[in-house]
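In the two complexes that follow, chain A is the common piece, with chain B as its partner first and chain C second.
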Partner chain A sequence: MNKLNEHTIKQAREGLRRKDFSSVELTKACLEQINKAEPSINAFVTICKKEALVQAKEADKLISSNQDLPLLGIPIAVKDNLSTLGIRTTASSKVLDDYIPPYDATVIKKLKDAGAVLLGKTNMDAWAHGSSTETSDYGTTKNPWNTNHLPGGSSGGSAAAVAADEAIAAIGTETAGSIRQPASWCGVVGLKPTYGRVSRYGVIAMASSLDSPGPITKTVEDSASLLQVLAGKDEYDATTSPLPIGDYTLPIESKLNNLKIGISDEYFIEGIDVEVKREVLDSIKKFEEMGAKIEKIKLFDPRYAIDVYTIIQRSEVSSNLARYDGIRYGSEREKFGDEAKRRIILGTYALSSGYYDQYYNKASKVRSVIIEDFKKAFEKIDVILTPTSPSLPLPIGATNKSIMFGEIADVLVEPSSIAGLPGISIPIGFAKKLPIGMQIIGPQFAEELILQVAGTYEKKTEKEEWRKIKPNL
Partner chain B sequence: MKFDVSHIAKLANLTLNPSEKNKLEKELEETLKFINNLNEIDTTGIEPTSQVTGLENITREDEAIPSFPQDDALKNAKLTHNGFFKVKAILNNE
Partner chain C sequence: MKYTPVIGLEVHVELKTNSKMFCRCSADYFGKKPNTHTCPVCLGLPGALPYPNKKAIEWCLMIGLALNCEISLFSKFDRKNYFYPDLPKGYQISQYDEPFCKNGFIDLSNKKRVGIRRVHMEEDTGKLIHEGNSTLIDFNRSGVPLVEIVTDPDFESAGEVVEYLKKIQQIVRTLGVSNADLERGDMRMEPNISLKNEGQKELPKYRIEVKNINSFKLVDKAIEAEIDRQTQNPGQRFQATMRYDEKTNTTVTMRLKEEAADYRYFPEPDIPPFHWQQAYIEKLKKDAKVMMDKPSEEEERTQELLIKFSPISPVSAATIARDPKFYSSYGGTASIGKDEFGTPYQGTANAIINQKVPLVGISDEERAKIIADLNRVSDVDEDELNKTIDEVLKENKSAVEDYKKGKENAIMFLVGQVMRMFPQKIDVSKVKASLLAKIK
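The block that comes next holds the complex of A and B.
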């Protein structure tokens, strides 16, 4: 029997409904695990113990009067760049050390309306600038599978909290890799929805044409049930799509007959970890056994996406961070860390008079090329399978070696982000006792499809030995 | 290529000390070298993409709705005066 904090959303919901345990008990179990694990992994910036227990008590009242909400009484951790009414929101930067938002982000409002209990705010790279959490002003988060290693980032705290069973599930945000890469490195499921599927209102903006909030969970099924709550048009975010949301929580099929899966050599990039490559190729064989057809496709070299992403992201960062003047809230601009300053300077340079065409405009044109390339690919195949990260989780300190660390770590997720496509990273095994992830990329708004494909794989491999291993904390 | 980091910092409203300036100048150069591959791609006749949703001119009714009470709006400000944000003078000798 699982400990309460080890439950998935589905297990917790069933247990709460059967009154096997209360939301207060479930929340206390998570808070106890947080107490135990935080000294070694540092996944949280702020723990909302008091507020969480009040919300849990409320949830228990509703449960006892037979109310049914999709996340009623379920403790969830959220990344610290999501504005939370009355609860400090720092984006892991000292600039916002004392900022207490006067409103909830749409994602937070939707979680609350669905009955969720907010456990706390998770650590991240400051302003989401990075792929390691090492740029956080509140210390690095450690990988629960081996605390000498990085959890990935920027949503490293959310991924580590889920992997360490400190929360039943968590919310992250992704600009290019920030959900999928830490999910991969922490051995959990991370879904980056199509840009515009989940509202950005109240998310501390990084790169506005790319930012996409999404779920980080223990299972694919949980990912689907969280997306069902988060997705949809929001009048406060004009870029959210009016297209109706899918039925993400459909039962998972056991076969993938007639599904065409594209595999591209360009994504088994030079320098890829041999064990990552082997595990991903092994998993692809399992998809064939499930009835899918594997087709080799040629995709645009993902390395160009690094250039496009760097230019677009830095430019949008310099614009978004211009609002921090220390007048209405937060501290003065001197408190920006090295990474934020580096990005503001590059972005300002790329947008400055005389350089716009050479950088931002050129990058935006190559962005069109990448979008077109995926469109063509999806005329022939249904989904694309690739490794999520070219490496296993790297040791703490790896970012010091290269100022481009994050972009290199995210090379395999950047092209689909630039094109606004949905992608899901799922765990497929271990090497050197560290997790490996694989991603499934689909066309715009194909969340239903990629969740089905991921879910079928999860079902087929649910009895595999490696799934029984827990981090030793 | 030589960068005028002081000029860029001024545009970005960042105050940098001399050692930060030196460091950023080097790093900017290094980054620009790293991302210098886009010219290998022919983009003649290709329109730039600035957003991927395809949505255009999204508007809403121009209706007044309740906004933050003054107290809430001012709660996070370091300096206030009679219910206003207080800022440093931006004009001198007027």
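The block that comes next holds the complex of A and C.
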């Protein structure tokens, strides 16, 4: 029998509905685990113990009057770049050390409306600049599977909190890799929705044309039920799509017969970890056994995406961070860390008169070419499978002197981010006692399809031995 | 050497939409308690996003159409990045290379066609209030929709500019998209002025921009002052931003521009680009035309005044018709003034336009009586008048010279000097006639 905090959303929901336990008990179990694990993993910037217990009590009242909401009484952790009314929101930067938003991000509002209990705010790379959490001004988060290793990032705190069973589920945000890569390194499920599927309102902007909030969960099924709550057009975010949302929580059925899966050699790049490669190829074989057709496709070398991404992201960052001018948020600009300063300088340069065409404009054009490249690919195949990260979780300190660390760690997720496509990273096993993830990329707004494919795989492999292992904390 | 002034104009018009450009806050900020019309969006809080106001964009398109502009079927917003404490995001959402409207024109009464280079949409900034050593920021105005109308450098005189501005004011009022109330800052004007040699084809290589002027009279004065300055100081024709100082009637340099500021424009990623349907634009065009063809309320009032209060001058009638406060006090006051005190209609008009009488808070009778008292003139001894005029002419030789050179205004200055010497009110026309007789 699972401990309460080890439950999935589905298990917790069923238990709460059957009144096997209360939301207060469930929330306390998570808070106890936080107490126990935080000294070694540091996944949270702010723990909302008092607020969470108040919300849990309210949830219990609703449950006792037989009310039902999709996430009623379920404790969830959210990344610290999501604005939370009355709860400080730092984006892991000391610049916002004492900033308390007067409003909720749309994602937070939706979670609250669905009855969720907000456990706390998770650690991240400062301003989401990074893939390690090492740029956080509140200390590095450690990988729960081996605390000498990095959890990935920027949503490293959310991924680690879920992996360490500190929360039932978590919310992250991804610009290029920031959900999928930490999910992969922490052995959990991370879904980056199509750009515009989930509202960005209230998410402290990193690169506005790329940012996408999404769920980080223990199972694919949980990912689907969270997306169901989060997705949709928002009257506060002009870039959200008016397309109706799918029914993501459909029961998993084997849709793999005749499913065409594309595999691209370009994504098994030079220098890829041999064990990662082997595990992913193994998983692809399992898909074949389940009836899918594997087809070799040719995609652009993902390394082109690094250049495009770097220019666009740095440019937008330089503009987005201008408001932290030392006048209104109490903290001087010296509080910006080196990484943010580097990005501001590079982005400012790239947008400067005379350089715009050479950099931003050219990057935008290549971005269109990458979008077309994927479009063409999806005329022939349904989904694309690739490793999520070319490496196993790297040791703490790996970002030292590696200014482009993030871009290299995220090379396999950047092209689909730039194209605004949805992708899901799921755990497929371990090597050296560290998790390995694989991603499934779909066409725009094909969240339903990639969740079904991922869910089918999860079901097929649910009995595998490695799934029983828990981090030793 | 004779010079021809080259003048272009940027006008910002604040729209009277209910809500702001990118959020749901009320755009009616004038005179409201500071920072009460604000929200995360117009305060530029972390994570807040702009959501464009459809009506504001539609109104911007209609202004463009009324100014004979082309409407591009593709358009977008851009970020104009610069630092200023009244700009909470560190950038202004504006339009750079794809304005909603471009290449329009407007015809002046002298048959000159003034090119409208572009009409674009942007957001207003907050307001800085300097108090002692500290500066306060009021964000009520932050995010109010602004339409910027930019002309080609086609004007050659202050008079042309003022006529153009009055036309713009009338157009936006007729379209019902702005109150265009100058006192409230609904229209802010920035002329840029340079000189070229008479007959020179190419544009001058510099221009002086005079910032944020908010009355037609001051635009007129600022342009005159700047033309004077540039004419008299050929060495000081440089690229600069200036402001007009009303007290000294001079333009003062704010900053020298060696190069255009680098605003690092790039497409606003928070707002998807716009793709208009031709049919939609055609419909707006029709709407704008119907509204523009209908005689405006203002024109109807002018006609009414001209008929009812003949021989009031057309200029006075138009001025009164344009201002609701003038219009509501004129009719009654003029009738009573004429019937009971024998004040000519024009006399009442002058007193009201020059605001010699209170316009609100008193009855028409009271106002008519005040005007009658003001206009009562005392007889003046001819000899005494002539003696005084001689003295004034002696003491103001330069004004006399100015008048002889063609500066019409100089005569009114001299009239004023003469009037000042008499304790009682004397007849202006008599003074002017005597003065003219002596000068000639």
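We take it that the second predicted complex is superposed on the first by the 469 of 473 C-alpha atoms of A that agree within 3 Å, B and C clash if a C-alpha of one lies under 4 Å from a C-alpha of the other, contacts with A are read in each partner's own complex, and residues count from 1 in each chain.
One rule holds in what follows: a contact is a pair of C-beta atoms (placed from the backbone, for glycine too) under 8 Å apart; a residue touches a chain by one contact, two chains touch by 3 or more.
This structure is a prediction, so every number in the text was calculated from the model and none was measured.
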Next item on the list: Once the structures are superposed on A, label A:G330 by its partner contacts, choosing first (chain B), second (chain C), both or neither.
Entry: first
Next item on the list: Name the contact category of A:V366: first (chain B only), second (chain C only), both, or neither.
Entry: first
Notebook entry, point to check: Given the touch rule stated above, what does A:L256 touch, chain B (first), chain C (second), both, or neither?
Noted result: neither
Note to self: Between chain C and chain B, which one touches more residues of chain A when both complexes sit on the common chain A?
What the structure shows: B
Check: Does the superposition put A:S352 against chain B (first), chain C (second), both, or neither?
Finding: both
Next item on the list: Check the residue A:Y99 against both partner chains and state whether it touches chain B (first), chain C (second), both, or neither.
Entry: both
Notebook entry, point to check: Hey, what residues of chain A end up touching chain B and chain C alike?
Noted result: 99, 102-103, 209, 235, 238-239, 318, 322, 325, 327-328, 348, 352
Checklist line | List of chain A residues in touch with chain B within their complex | finding: 98-100, 102-103, 195-196, 209, 235, 238-239, 241-242, 303-304, 306-308, 310-311, 318, 322, 325-331, 333-334, 336, 341-342, 344-346, 348-349, 352, 361-369, 371, 403-404, 419-420, 444
Note to self: Taking the touch rule as given, give the residues of chain A at its contact with chain C in the complex, in rising order.
What the structure shows: 81-83, 89, 91, 96, 99, 101-103, 105, 200-205, 207-209, 235-239, 315-316, 318-319, 321-323, 325, 327-328, 348, 351-353, 356, 360
Item checked: Complex contact set, residues of chain B against chain A -> 3, 5, 8-9, 11-16, 20, 24, 27-28, 30-32, 34-41, 43, 46-53, 55, 58, 60, 68, 72-73, 75-79, 85, 87
Notebook entry, point to check: Quick one: in the complex, what on chain C touches chain A?
Noted result: 40, 44-52, 79, 81, 83, 85, 88-91, 260, 262, 264-266, 269-272
